[in-house]
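Common to both upcoming complexes is chain A, partnered first by chain B, then by chain C.
Up next is the complex of A and B:
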């Protein structure tokens, strides 16, 4: 495999030396382009107190194309489907090479705080959300308590 | 003595020019060149063009071209006249004559490197080789040439004849216009004279801390010409004195050399079939002087357009200087196919290509920083001096692109984005859309 670009080395160093509050991201030893990420659910959201696992992979073209990010922990969210795929503009067309792992993870955290059922990825969840938002938030809280537990 | 004769002939060439331009008869010089050329039926046009160029450029001239292109008969003629001229003896009191037969001035290199003469068909070359014994005895001549360019460099094997000629040339060489030209070429590449001067005291002997001497080869590419040489990524190699670095064709056996890291001592390989498997080698002496030698290549090694040795004959070591143009082989089948293209490359030695940051660079960089949006927060300011794409700092002497929204990146980093949607430019930092083809108004 080609040598790791300096940009990735630099980003990794900064993620470790100056971590984002509520988010950790560590590269896999076997593949420095693959990161294991944990994210705290944002306060005053249905995901509060949950700790979510994600995987993040930097493709060969990175930073000219966006990182691939996926939730590993089950989550009830209109913009995240059951496979953990995330519908977020900056992960798709609105990606810019000026964005970084750090900013992308912050965007995902912000998405948890403000679900957008009008641009859904998980249609069933989005429908529930639109029909009965208080109930959907309750389900999201249940799922968070059930699946997004702190690991020992 | 054969060698001696050649040298005197060569000096004779100077004298033709000396006398011609001395009497200010530029026209007669060009007439002469034209005469010589007109006897050659093929490729006349190219050569005439070339000569015209050169005349324009203050007759910093290649009589060599004339000789090169001439047929046997005209060549004889020329040689005769040379000998006649030569009987007048060399005239050191005429300093305004650049050396013709060498093609070693920067100005000349430049001109001729982009000239159609490069693809010169073989017949004139053969004439050149067979008639004037230059190639056979060529080594002597060229060593002289180099000795002149670098009077400080000791040349190991020169005999008395050569020394004499060398002295003769040195006097001619020390012409003010030529030296200016060379200095400019070796300076910062800017036209700020004072800055060039400030740069000079930083020069060292070119040896790095581990005692290695280095060389860099960059492809000579002219997109406007139909027969551009083979493209290759610039190659940097290092060697200790007396060690050599071989040049040859890319084969299965030396595959690893093609991917050798910059600054290694791996062989230099090219994916061209006109390059022999062992084509030539670079070698460096104790003083850091680099040499090239043709190692019995079949299609030849050319140093500033002059073939070092006939096919399958080894040449002697030829001293090299910065800016020399080396060509390996000749285009085959018109060079339309990539693998049949000759390799044309520009040589630089002992890290001369590394720019040293000078006052001018620093000031410009400072000014450029001020073009960016002013931030009061010093932390933010630090971010501004960083390229958002590679996250490394924007430093003086790097190629930098500044968008209309005043964001900046290394040109190398932003280029894919620029070309992707050119002339529309979508700023990755602020997401504003700019038109890079906007007319520039001066109001």
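Up next is the complex of A and C:
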């Protein structure tokens, strides 16, 4: 494998020495471009108290191309589909090499705090969300309790 | 060689010129070879229906992007510089009026959207020590780049950034996400050029008076913008489908539309209905209110065959090579059929035999010649296809070969497979001409190279006073051969769908004639290229000059005759298609 770019080394070091509150990200030993991420559900959101697992991968042309991020934990959210794929502008067109892993993870956490059913990825969830928001929030809470429990 | 021998070759290759469609079979008052058809007098020309303009990508950029900016500067907005105007045009999808309107109505917003600062200070610096926040490398000696915002990054990162951004054809902004400033077109190219391998001749730049167009020549951002602009207007612009050709053709005017829709917005109609309106095979060119009637004769002279700046002819409607004599709808169903059937059919044809009793296809993948059909349990011999029992105990010998009986069996097979056979008959010929065309092209390329080196040798030694016009016949032969093959190729598609009417025989004779002259021409080309004749190829070329010229003529005429034969036959309904095949 080609040598790891300095940028990735620096970002990794900082993620470990100065982690973002409520988020952990550790590189795999076998592949330093692959990260295992956990994210706390933001307070006063339906995902509160949940701990979500994600995977993050830095492609070869990172940072010119955005990292690939996916939820591993099941989650009921209009912008995250069954496979855990996330619809977020900074992961696509609005990516810039000036952004970092930590900023991306923070953006995802912010997406949990404010779902956007008008630009949906999971159409059925977005439909529920628009028709009956309180009920959708209830479902999201149930899923959080069921799938995103803190491990003992 | 006579004038009418050339097919659309007389376009000026260097300029984007307006051209009306010029069909390659206009000259019907010549002596047609083997064609007992009189030219129809009421021939409709496609130029009455539509007008096309050909562009190279470069011309397109010059005219629609750079000259648009120059024009704005000269006429409406002299206070702006060219770079800013290009950015504004790019931002507003190259609509000059939009730029003018926004400039006067909403100046601040326009400048903000375009990322043009009031004071400009874009710099490429040389730094002795620099640590780049993007790649995190620490450099001892590096160039950096920053826009007026002062967001500074190393030139390597900027270069990679530009490369990835280039693909979407949009304006490229500062790397910093909170910053909206745009990198001007010239600067993007300047950064690319820093990394470019090929060094431009400074002498050339010295003698060339820099014009707006030359400054922006080879600008990669503008090329990418052109690609995305053209791709977004699919009904108005079509790329030439020839491999590696970067030319395009624009539908300038669709008269057929104007006839019916004088008051309607041309562009709006184009996007929705252009394809059917330009499709002669649907026959609703002039009458779109009525549903296309199946019984109306097809007029293939309405097929919008256009030619790009490098003489590649193609059908604007199908965006496919010149498929005359076939009308567009026949081409569509042929291509679909070939996609669906040809692979499977070819395999079955090559690898299986039918059971002589139930006619199921059987693949023999090993074992002896004593076959038992899995479907009907019939036991037979794989060699003579007769019942196995008559072989007695002679397991590995078959003495029962009888020519006439075998023929009878084959006839039976053929009857059962008639549709497949028929298809394969035409498909094979279609495919043979396609592959021969590729072979011919290679051969002619070689000949051309040899001829060139011969010519330069001759002129060096002052041996001959041959000029390039004297060997023009080679180029003509090349074009005639490829065009002839193309027409032949499609004539087999035509033949496949053709109903068996009496006039079909005339078509087939004309086809046969073209076949013969094409093969004759191809043979000479092959002979010249034969390795055995390597030393005397130029000698052979000059020796065969006369034959080449006359065959070139014959091929061109034969091609015209065939298309004309199809055209008049269809128009007078002496030829008909059966799409149910």
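To be clear about the criterion, the second predicted complex is superposed on the first by the 152 of 152 C-alpha atoms of A that agree within 3 Å, B and C clash if a C-alpha of one lies under 4 Å from a C-alpha of the other, contacts with A are read in each partner's own complex, and residues count from 1 in each chain.
As a convention for this text, a residue touches a chain if its C-beta (ideal position, glycine included) is under 8 Å from a C-beta of that chain, and two chains touch if they have at least 3 such contacts.
Predicted model only: the values in this text are computed from it and were never measured.
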### Query
Since both structures carry chain A, what do chain B and chain C do when superposed there: clash or fit?
clash
### Query
In the superposed arrangement, does A:29 touch chain B (first), chain C (second), both or neither?
neither
#### Entry: chain B versus chain C as contact partner of A:97, first or second or both or neither
both
### Query
When the two structures are overlaid on chain A, which partner does A:7 contact: first (chain B), second (chain C), both, or neither?
both
### Task
Would you check which partner chain A:18 touches, where first means chain B only, second means chain C only, and both and neither mean what they say?
neither
#### Entry: Partner chain in contact with A:65 - chain B first, chain C second, else both or neither
second
#### Entry: Among 57-65, 129-137 or 417-425 on chain C, the segment whose C-alpha atoms clash with chain B after superposition
129-137
### Summary
chain B and chain C footprints on chain A meet at residues 5-7, 10, 63-64, 96-99
### Message
Give the list of chain B residues in touch with chain A in this complex.
### Response
388-392, 413, 416-417, 428-429, 431
### Query
Inside the complex, what are the residues of chain C that reach chain A?
133-137, 151, 157, 160-161, 163-164, 175-177
### Query
Can you name the residues of chain A that touch chain B in the complex?
5-7, 10-11, 63-64, 96-100
### Query
Mind pulling up the chain A residues that touch chain C in the complex?
5-7, 9-10, 61, 63-65, 90, 94, 96-99
